[in-house]
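Letters A, B, C and D mark the chains as written, and numbering starts fresh at 1 in each.
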Amino acid sequence: MVSIQEVAKHNKKNDVWVIIHGKAYDVTEFLPSHPGGTKIIMRYAGADCTKKFDPVHPPDTLDKYLPKDKHLGEVTGGLGIKEEEKTIDPNELKRLDMVKRMPPLHQIYNLMDFEYVARHTMEANGWAYYSSGCDDEITLRENHYAYQRIYFIPRILVNVTNVDFTTTMLGCKSSVPFYVTATALGKLGHQDGEKVLTRSCGSHGVIQMIPTLASCSFDEIVDAALPDQDQWFQLYVNSNRKVTEKLVRHAEARGMKGLFITVDAPQLGRREKDMRSKYLADAAEVQDEENDGEIDRSQGAARAISSFIDTGLCWEDLKWFRSITNMPIVLKGVLSTEDALKAISCGVQGIVLSNHGGRQLEFSRSGIEILADLMPILHKRGLTDKIEVFVDGGVRRATDILKAIALGAKGVGIGRPFLYAMSTYGDNGVKKAFQILKDELLMNMRLLGVTSLDQLNEDYVDTRGLLNRFNAGDELFHKVYEPLDNPKFKPKL
Amino acid sequence: MVSIQEVAKHNKKNDVWVIIHGKAYDVTEFLPSHPGGTKIIMRYAGADCTKKFDPVHPPDTLDKYLPKDKHLGEVTGGLGIKEEEKTIDPNELKRLDMVKRMPPLHQIYNLMDFEYVARHTMEANGWAYYSSGCDDEITLRENHYAYQRIYFIPRILVNVTNVDFTTTMLGCKSSVPFYVTATALGKLGHQDGEKVLTRSCGSHGVIQMIPTLASCSFDEIVDAALPDQDQWFQLYVNSNRKVTEKLVRHAEARGMKGLFITVDAPQLGRREKDMRSKYLADAAEVQDEENDGEIDRSQGAARAISSFIDTGLCWEDLKWFRSITNMPIVLKGVLSTEDALKAISCGVQGIVLSNHGGRQLEFSRSGIEILADLMPILHKRGLTDKIEVFVDGGVRRATDILKAIALGAKGVGIGRPFLYAMSTYGDNGVKKAFQILKDELLMNMRLLGVTSLDQLNEDYVDTRGLLNRFNAGDELFHKVYEPLDNPKFKPKL
Amino acid sequence: MVSIQEVAKHNKKNDVWVIIHGKAYDVTEFLPSHPGGTKIIMRYAGADCTKKFDPVHPPDTLDKYLPKDKHLGEVTGGLGIKEEEKTIDPNELKRLDMVKRMPPLHQIYNLMDFEYVARHTMEANGWAYYSSGCDDEITLRENHYAYQRIYFIPRILVNVTNVDFTTTMLGCKSSVPFYVTATALGKLGHQDGEKVLTRSCGSHGVIQMIPTLASCSFDEIVDAALPDQDQWFQLYVNSNRKVTEKLVRHAEARGMKGLFITVDAPQLGRREKDMRSKYLADAAEVQDEENDGEIDRSQGAARAISSFIDTGLCWEDLKWFRSITNMPIVLKGVLSTEDALKAISCGVQGIVLSNHGGRQLEFSRSGIEILADLMPILHKRGLTDKIEVFVDGGVRRATDILKAIALGAKGVGIGRPFLYAMSTYGDNGVKKAFQILKDELLMNMRLLGVTSLDQLNEDYVDTRGLLNRFNAGDELFHKVYEPLDNPKFKPKL
Amino acid sequence: MVSIQEVAKHNKKNDVWVIIHGKAYDVTEFLPSHPGGTKIIMRYAGADCTKKFDPVHPPDTLDKYLPKDKHLGEVTGGLGIKEEEKTIDPNELKRLDMVKRMPPLHQIYNLMDFEYVARHTMEANGWAYYSSGCDDEITLRENHYAYQRIYFIPRILVNVTNVDFTTTMLGCKSSVPFYVTATALGKLGHQDGEKVLTRSCGSHGVIQMIPTLASCSFDEIVDAALPDQDQWFQLYVNSNRKVTEKLVRHAEARGMKGLFITVDAPQLGRREKDMRSKYLADAAEVQDEENDGEIDRSQGAARAISSFIDTGLCWEDLKWFRSITNMPIVLKGVLSTEDALKAISCGVQGIVLSNHGGRQLEFSRSGIEILADLMPILHKRGLTDKIEVFVDGGVRRATDILKAIALGAKGVGIGRPFLYAMSTYGDNGVKKAFQILKDELLMNMRLLGVTSLDQLNEDYVDTRGLLNRFNAGDELFHKVYEPLDNPKFKPKL
């Protein structure tokens, strides 16, 4: 038991207490290694930060990362002192009105429609975090456009009465050739967070990749799954390898069927749309705000982030991973043919050709473009069965999925669209999204003249225009894409 | 004689009566095999559905498909009970005003102009049905744009005083190298439906392809033709081959000069613009509406459609077709060189390179693009006289037609533009459309330096830019193309 | 002397009189051979047509083409009866206001600026006639865009103190490597018509090509030239070769230094923007208006035009031309390498690679694109000195001119820009336009590192992107280009 | 001492006095050789021109270029007579309001953001001078777009904990692989002019290239540097070589570490946006204004400019430069492979592939495009270590810099972005700009999988789309780019 007045005294860098869910914690020693930087904590030094803490931390965070002796017990004396006052934001009022007037779910015809509703009904922070990309978001959009430069060469007069689009990925049966890829901070879109996706995956036979940076705890997500439901685990490697080893061993123990090691994020990308939206807890923004004036602190926030994600992760580490787990290992974020070949020689089970949804390196190529370069080389060298190749980024239609399959992908990861479905219509939304893709898969395989995925190959696609990077002008995408904003001038007096 | 009260009682799935044109029908047994799905019928269960029935069913439908003992006789007791109330839709009022102010026909200078008037004067349902394409309608637009990537290499100083653009297609003489291709549901645009096209074709020496899914009955359309007027028949193959055989034999008996078997539609495409426009009778929308919530009914509507169009149609079936008819057989919807070669080896008389007007498989290539790939191969293998190659999709100008002819097409199918001409100015509109194309053909052949179609060949076109899929920015097209809409938020209270 | 009442009686097709400049003429026999069609005359049958006659006919037309016995003498009794009433058109009022507020000439920085002022200050008819192109005006715009796909490879560290851009074309010295190409109906832009161009050319040492379809008479234009001023003559070949022979012999007698035979216009193109603007005297519109309803009159207006321009003109005729003149003969409107080679073998002195300013065959390639294909072939065959190759269409900047010269053109024709300069600022405008181009030539040759035109060659340009037909987005062009309009709905009541 | 009334009498071309900072000067003899033309001086003949003089002339101009006997002493009798009256311009009022409401610096996330603020807060003259390019500004924009056609091929699983982006250019150590390139007239953006850049460079370890046409005097700029701060000198070669020799020797004496001779500007380009903005002191506008009417004065202004910049500069002159200085010599403005090879054979130490920021020759290629052509040739010929290759133009992001480095550039010049940073936030702005680029460099090198610049090579970039000149649609750029304007119609009465 500690009084609120006592807590309020501990508000300096060398002595910081905060209140979370009515309990006080001493975070002084933890401060420098906080992945989100020190500044965001210092804003709530001596005060209640529950509202900022919740959406970005799993409930077991404090138990896991803060030693017991720093848990100071319940706070007496009322609410936190420094809680932010609410101002009535006209945009927020407009949003709340839109939420009430949401279109009925049966008016959602495609995955873009979810994004459209999400853009108008999600909280600004959540929308900005989910929808943003790095730099000018050219890569983000290219991920979508790249698919539009591939045309089909379908076959006719094939008996397509019975169409089967089930498949097996990393030994897991799947009702569809796509999976729900790992995305962070699910509670920004839905109070149940990633569990919504888990439940929907269970009912539809879709594999979910559980993110390291989930809002729900790992165990919550696993517990939400059906007994026979396959899940994979996405891993950000911690510079403290003990932490990582514990995570990996626990994941395997809980039945994860694949370990996807993220290799394209030694440092998290700067996402300016997100920074602009003033999401205080986001590390990138903190990085920026402290960056003002003349103080050269380029190492500051960057180092803060490196304390969490290991900038030193390298090929040699794969042996160590192999030594601590029997899960199939997949490298998520391969962007070159050279690294794909290296991955094969290292004996990993799979790779994901991915640019992290356009959130990391601007002008990295889209997964589908890399696939079109890579697979002919694997074919030529007889390596196609040595590894499972996945692709993610920009997938919105079953035609996108089928193009990837035709070019040699084993499966396709889809992230944001399911977040938008979840953030707007919850479980029903995600299930509807799955059903839309299934309907599109059925229809498009029939129209392609194939009855199972293994019949698709590169003869079914025309990629000759793949490098003519143009914009096909699909209206739905243009209506959901929100351009980057400029810095705001101060209001008129 | 049956009372309206009696009819009203039969409004459950296992006992359904409906009223059409003042007569009652028991459709209980027919329900599961209705090509448009069960839901649309259930909406009018026990009630009058005449207004929804008429535009999408030929008048002989009930006689043909519903056994006589299900015809329950005239209904007494007034109008149907559940008829929809009319609300005054401001868009509809605006449309009716535009209809009154239609531009005089002599202000129509090109085929796009008809589409412009149609967009502003057609009923929303009809416009949506005619103008829509699959998915994001990229293919729909590509069909038009593809022609703009082909440039002419004309010849000068040729005596072009006398220019002849007559031709022969499948043994039929034609005044022009284009034909009116099959399009469904003509009564959505004009009360006389497809007969308008028939009459105009008769007066201008143009061949009409009669659609399986016409609003008028097949015989009505044939009867509207002049004695020596050539017509072709487009066939959706029914999974009940008896029905198909009957149709084909009847078509031949009535003098059809060609049988165009549609091979690109084992399942009808999803056309979201059309779904959005709430055309209740359209199968695709029904498919969507029932698809709500958590019920997995992906097999539902799809199966309903397969009960009508045969998903099992395959190459082997061509022998059977050959055995039941002497009409030239043409495969409509060929999309690959491989299938074109297969068609030749199967001995069919023709193929139509077509993506079904951008209504089936999104990202199938435009007919003209496939033609440019195919014909050099046919030339090399000496196969050009083994088969007649037709192209359709996106044709709006005589220059489009002449490009196709130069690349080796025997003729070009045109659909929507004539529907728009019919829907706005009726017979005079369609005839004007023909005349515009004839004037353009005359002028452009003179400017190309050719006096007959056989002088055109690949030396007259520059296709080097064909794969640089760009948008030439023709204003008229941009003004008539209506972008896809988002789901509508509910109205403010 | 004839009374106005008498004239009014002669208003039928078999008996037509009209009044022009106060005199009556019997045009009954002339009617069927009027190049502009019969309808336009019939509108003024029995009435005064002076205002429609003047801008499109040189003053000597009646003397030349109508036999003396059809000249009926002065009309008594007042003005014509059927003269159109003037309605106060708000657009015209706006235009007249803009005319008063024209920017001062020193605010004109480039050729586009003239076009901008012209668009806002020219009479609608004149603007439409000058600015229009065929079909969707894609070719018209491509002429401009094509230059933007060619980049320069300049050289540095060359002494460019003294730069000389004089040249010799067809043996005529010119102060610049461009000439004023032939354009019709100069009085639509300025009351002095083509004479404005003649005077400006005289003062600037620029060669003018005199059009067959000038508003001024040929002799008026020649008389306006300085004693030593070189002029060329553009010829539409009349199906009556006597007429043509007379024109050619007269042109040579009056000192023309080149005969440019137009070979890309056996039939005049349809220019819908122009038709839409209701310029009544324009043949194309007449063709359209009569084309209404069900009457098939495709041969009608077409024949009317063929009576003037010879659709039968062919390669064999070149010998005849050679026999009647010693002027250098140039074929204007060559669009293929094949025809360029044929022209050389026929011994003509020059060719103009031109698509008639985008007014004839839509999708004919731009002159500069043809040049880039042609010249390497001429080089390879050692034919470059056998013929002078000119280019026209789309030229707006000295950079355009220099690209054409580098690719092997002897000179470049420029038409519309000088018409716009003339229509806005008269003589001073055209001279300013010349001066702007001279300033740009001087500057750009210095920046290219060349001091005379013969130093330019294909090593100075990068044409690798020439076939990627894109739109560079130059704002000035976009602001002056007026998109095609749709048919107008009738006004609300 | 001279009275203001006396000065006012000397206002004719053959007798011109002006007042600057309260002193009178006789500029009659200087008039014809004024680099900015005679007209701008004549506007202030007999009057005070201080306000026009200051931003475009270093303070030591009069002492340096005007003989002492032309310095007439202090003026008595009040202010200049002909001083312009100030009118209240609503645009200027709006600008002043925006200046007050400038976004806080920490809201600036990228270099584009500075430009956005600058566009709304800079004085019109300064903005127009800095932002303008030649002709239609296609080259200006291409410089930016070209980078967007290059994609990265990053490597994963590299230990990127320690990243080093220091480098050495012309023997000077630099904390970054970019330098502040020379740009003229710094006082148009900030009262301290180029010294702001000098101070910021000093604090961040960035090399500054000092411009010949600085607003500050050369010595002022050098004096503003730290003792060990490296600077380079950019040289416009004067046709009076004595002047040039003096400049060069003085530059070397003051410690300049490199001499960048501008070779792409024998004549200054016409920048119409700048002309339009009515910046009276700009030579180009003077050139235009006098150019009116019928007087052919194409040699006039051109000669005025040649009197300052030597149009005769050529390869032979390099020996002379070598003879007067030991500084490394770099040719700034090389635009062809041929000239790059020639530069190597002449033994210069470096070249800058540059089109002068799109301000000189329209349609010269972007530096990065030339680099991609050049370096493979240097590699093949083993010449890569014979010369240092720099690139400038269009660089806005660290990704741009890293692409240039990967393609073989030693360093990258950046100009306008630092001017905009300086013009909006002064020293803090420029430092922030440096810090942003450093942060981006650190992050992007990590994401590329490299820890030092020498690890980057052509295998890290995909340039296959480099010639497909398209526009990637980055919103921030579109919002800062101000399209060219048309000539203004006079105001309504």
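Convention: a residue touches a chain if its C-beta (ideal position, glycine included) is under 8 Å from a C-beta of that chain, and two chains touch if they have at least 3 such contacts.
Predicted model only: the values in this text are computed from it and were never measured.
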item: Other chains in touch with both chain A and chain B; value: none
item: Chain C against chain B, contact positions shared by both copies (same if over half, else different); value: different
item: Between chain C and its twin chain D, rotation from the CA superposition, multiple of 5 degrees; value: 90
item: Chain A-chain D separation of Cα centroids, rounded to whole Å; value: 43
item: Rounded Å distance between chain B and chain D, as computed from the means of their C-alpha atoms; value: 61
item: Multi-chain contact residues (two or more partners), chain C; value: 468, 470
item: Chains grouped in pairs wherever the two touch, ordered by label; value: A-B, A-D, B-C, C-D
item: In the complex with chain C, residue positions of chain B that touch it; value: 97-98, 100-110, 113, 116-117, 120, 148-161, 203-204, 397, 399, 403, 428, 431-432, 435, 438-440, 442-444, 446-448, 459, 462, 464-465, 468, 470, 472-477, 479
item: Footprint of chain D on chain A - complex, ascending; value: 135-138, 141, 263-267, 269-270, 272, 275-276, 287-289, 291-294, 296, 298, 302, 306, 311-315, 317-318, 331, 333-336, 338-339, 360-365, 467-471, 483-484, 486-492
